[in-house]
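Sharing a structure with you now.
Going in written order, the chains are labelled A, B and C, and every chain counts its residues from 1.
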Amino acid sequence: MNAEVKMMRTAAEAAYADALTALPAPEAIRSLREKALRLFAEKGLPHRRVEEWKYTDLRALIREMPPLAKGADGAAIAEAKKNSVLTNIGAREITFVNGAFVAELSNLKGLEKGLSITTLADALAKDASLVTLLAKINPNKYDAVFALNTAALNEGILIEVAPGAQITQPIHVRHIVTGTSPVSVFGRAVVKVGAKAQATLVQSHVGPDTVAYQTNTVLQLSVADDAELDVVRVQAEGDKAIHLSMMIGAIGNESRFRSFALTTGGAASRHTVPFAYAGRNARATIAGATLLRGKQHADTTLEIDHAMPGGESRELYKTVLDDEANGVFQGLIIVRPDAQKTDGRMMSAALLLGDNAEMDNKPELEIFADDVQCAHGATTGALDDDLLFYLRARGIPKKEAESLLIQSFFGEAVETIENAKIRDAVMNLAGGWLAARS
Amino acid sequence: MALLEVKNLQARVEEKDILRGLNLTVNPGEVHAIMGPNGSGKSTLSYVLAGKSDYEVTGGSATLEGEDLLELEPDERAARGLFLAFQYPIEIPGVASMTFLRTAVNAVRKKRGDEELSTPDFLRLVREKAKELNIDQNMLKRPVNVGFSGGEKKRNEILQMAMLEPKMCVLDETDSGLDIDALKIVADGVNRLRAKNRGFLVITHYQRLLDHIVPDVVHVMAKGKIVRTGGPELAHELEAKGYAAYDNAA
Amino acid sequence: MPAVQETVDRVKSIDVDQYKYGFETKIESDRAPKGLDESTVRFISAKKGEPEWMLEWRLEAFRRWKTMSEPNWARVKVNPIDYQDLYYYSAPKTTAGPKSLAEVDPELLKTYAKLGISLHEQEILAGVDPAGRTKVAVDAVFDSVSVVTTFQEELKKAGVIFGSISEAIKNHPELVKKYLGSVVPVTDNFFATLNSAVFSDGSFVYIPKGVRCPMELSTYFRINERNTGQFERTLIIADEGAYVSYLEGCTAPMRDENQLHAAVVELVALEGAEIKYSTVQNWYPGDAQGKGGIYNFVTKRGDCRGNNSKISWTQVETGSAITWKYPSCILRGDNSQGEFYSIAISNGHQQVDSGTKMIHLGKNTSSRIISKGIAAGVSQNTYRGLVSAHRKATNARNFTNCDSLLIGDKCGAHTTPYIEAKNSSAVFEHEATTSKISEDMLFYCRSRGLSGEEAVALVVNGFVKDVLQHLPMEFAVEAQKLIAISLEGSVG
């Protein structure tokens, strides 16, 4: 029974509307902002009766909106400098502190041939048509995160790889929140990889513990024909943070895409991945490891849309839940009528360590073409006692034995990262999570 | 009248020409062998004769006792007496081999205007034929080809052949994946079925099968055509010299 | 023509007008005026001579129903139903009930024959001694009122109560009061609530402590009266240590208008009891244009209330224009077990949204789900399921396997499982696949002489075998035929 009764606006919804309406808007995006705000006013924050948000009730999670962050002052930059997540991977860094681009912590010098990196503000000033790309709001498929992010459009980055360019140095977009009082932070990154080009993108999200800040970032990706893109994302927000994010992707003919997401941070987080096969014979791997403890809640929602024939998709998610943590995985594979010869495989496996941990899995297949091979699997279980016993019988202490098993469990997903340096760095971060297990 | 008559047969798969004007005549009682290098089109010939859907005939003809085969559905060809022993027999989960056999036998009998076999008659016949082929009754309770060893699969094919009483049997690389003992059992099964009104077309890459099923005629196939025809001695010659001479033939 | 293409074309040319069971029986009936208000509810209750408490129960449901709206989460498109344009009660005129089979309307017996009620059961109906065979008791629900109940005597000896729910309301009010609505609450969902207000009749089964029901119980449902919604209500209680196997089969005559069928089935298994419930559903699916056909909105739920109890659902769904049905198990008792085995075939314009819910509440509970969906024609076939283990349901186990088979490129097959583990000791495994019917298998079968239609039937029967083997023998044979028939209409 889900009668679409629009409830009264919540305090948080009102605060969002007020704050974002008051935000100064450059001419280029004014009408876009108005449109996004109208949509938000109409639909509001999704709640558990909205199917896609069944397990992550934003209306209940977001009771209030902290004030919009005021950018990065000297103290903030000093604090941000101390951050060291993935700083040893030899990447070109682009840093946002409290939502603001910080040139001092970004390296835009000596760009490889074919690589262009521009702040969104500069890019819009140069080419107003960029707005249409930023504005992919589809009222039929309303997403509050996207609507709010669009309404808050202010700072962001545009990364373009020219056709044929092979960019070997990874590009690391860092989102850092600082300070001791809660703020709301928004961010947008757009990455366009031209035909036959190749690039590696890293995105990280960090912030202070004990501060109930909120972040909302959207990453838009387009991969042209025969191009190749790798994306690695690390979400290690502070322990009171609410993190909302999207990775919106579209890949072209014969393209190759790989992504991996490590999720360890935030009190509550939701990562939504609408991913479209816009060309034939494209291949993508979308993987992730989610490691949670305490009362953390993390939701990964994938929507893999095979609209064109010959596509291959592999989704592999590993979730480890300690204490009373709650993991959510929703993964939908759609195969549209023309997408014959699609080969889609999705697996979500969860390891429950804490007695009261909760895993909610909702893998879905929606198939409208017949010549397909699609499968999904989902498992939930505790550590294998037999394996544990075997290891201990060989003299390995309990905690170490557990760590070994847990590591081999999520390691399978981490292994999908192609770049060895990044893979090692991610494995280290995950190892840190394990080491902190009590 | 010839049993199987193939004239100037041309066929393509996925836009690629494979058979390029193949001629072949098999008379009742004869055993013909087709040998040839990989990719010469041997398996394509067997599939085209049996009527597999993704094989497009672009020219020529194939008749069985004067009747145009190419116009017929696969099951009609089977009813007329054509039998293909598959190189890779298909697994059908959930369907017991026995059920499959009975359905096939009765479907074919019905189409030939014969009465369906009663259950006891059918069982008697299966038991008899299975014994000859060294097939365990338990194997027939298992789903068709599922979990069968290579040898079991091939013996199952010959059992089906024996049960369906075809006129023209096409054996597609029946020796592949068989050790020498299994090969003997299969060959014995085939030899037992040799009869003066029945023809065989044995497709193989190696000569060793022909030590056991001795052919009357041996053809060499290359690039979609028969390029040489001779007696059993031709097989030995090929075994000694290889196919190199034919790679550029045709 | 390529073999598979031909199969597809044949599926496209589905001629469901040939629906085997499409015929009408002319029997005079006695029915309530069209429409639904409190007076309809009172009329039904009065017609059945119900006690006041039952009327009150119905009225409460009706009042709740008026505040509810139809569920819209299933992947089905439903033409709007005008609830005021339906008849809610229809009974054969001879409500006095036959004293012997000789008094049964011969038309009715003919109907059984046409329905394909097995010869065996017809013999029973005809009073022939079924020596040496498995006994089957048939409580035939003809339209809305049970008119024939056989084998009462033998069942009585075992202490089994098997009859219509109307009789049970009169004769065993304490059991009905205690259990009716205890598994599917009056307010459970729109259709269950509607059923609670207007249910006409259905079966009632009570198996006393420690009794193994001496025969399989069977009920045939049949919608006969034009425009009559069918609101069956079934309640089965297996007392401690009892066992019963219950078979339900349905067919329906051809119709132009859509017909609503909103049944409720409640199962209660007390400590150590086991209930096996099997269904073959073959209601009229509509014609080749998707016109007509039954709307089948069913609420079926079993409660493993006692420790060590077990409930097993097996279903073969081939009929109805729309099927909306989730036979579920509440695994409340410790060590209780739930099973769901399902074959759902959709063809033509049929829409199926079916699955199960396994709610693990007790300790050491286990459940198993095997679902096989086959979509052909322009149909849509969805598996929707929930497996959940609550905080205290330690050591819950589930295994789920959902496979879908597509025949033709105009249909859709979908899988939507919800898997919720709320404690670390739960072990859940779920796997699902979707693929098209294998061309290689079809070609292999055809090269052995099977026609396209025979090949499809053979391969599909192999695909569903894991489920078929859970049906009682009598049903398994019928089901196999039904699968062939459903695809027969489709394959020329």
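Here is the rule we use: a contact is a pair of C-beta atoms (placed from the backbone, for glycine too) under 8 Å apart; a residue touches a chain by one contact, two chains touch by 3 or more.
Computed from a predicted model, the values in this text were never measured in an experiment.
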{"item": "Chain contact topology (line, ring, star, complete or other)", "value": "line"}
{"item": "Most heavily contacting chain pair (counted by C-beta pairs in contact)", "value": "A-C"}
{"item": "Most centrally placed chain - per-chain CA mean versus overall CA mean", "value": "C"}
{"item": "Averaged-CA centre spacing for the pair subunit C and subunit A, given as whole angstrom", "value": "44"}
{"item": "Centre-of-Cα separation between subunit B and subunit A, whole angstrom", "value": "56"}
{"item": "Whole-Å gap separating subunit B and subunit C, where each centre is the average of the chain's CA atoms", "value": "47"}
{"item": "Residues of subunit C touching subunit A in the complex", "value": "68-69, 71-73, 189-190, 391, 404, 406-409, 411-436"}
{"item": "Complex interface listing, subunit A residues touching subunit C", "value": "1-3, 51, 321, 337, 340, 350, 352-382"}
{"item": "Of all residues in subunit C, those that touch subunit B in their complex", "value": "1-6, 438-441, 443-452, 454-455, 458-459, 461-466"}
{"item": "Sites on subunit B touched by subunit C in the complex", "value": "50-54, 73-75, 77-79, 83-84, 86, 89-90, 92-95, 99-100, 103-105, 107-108, 111, 143, 160, 164"}
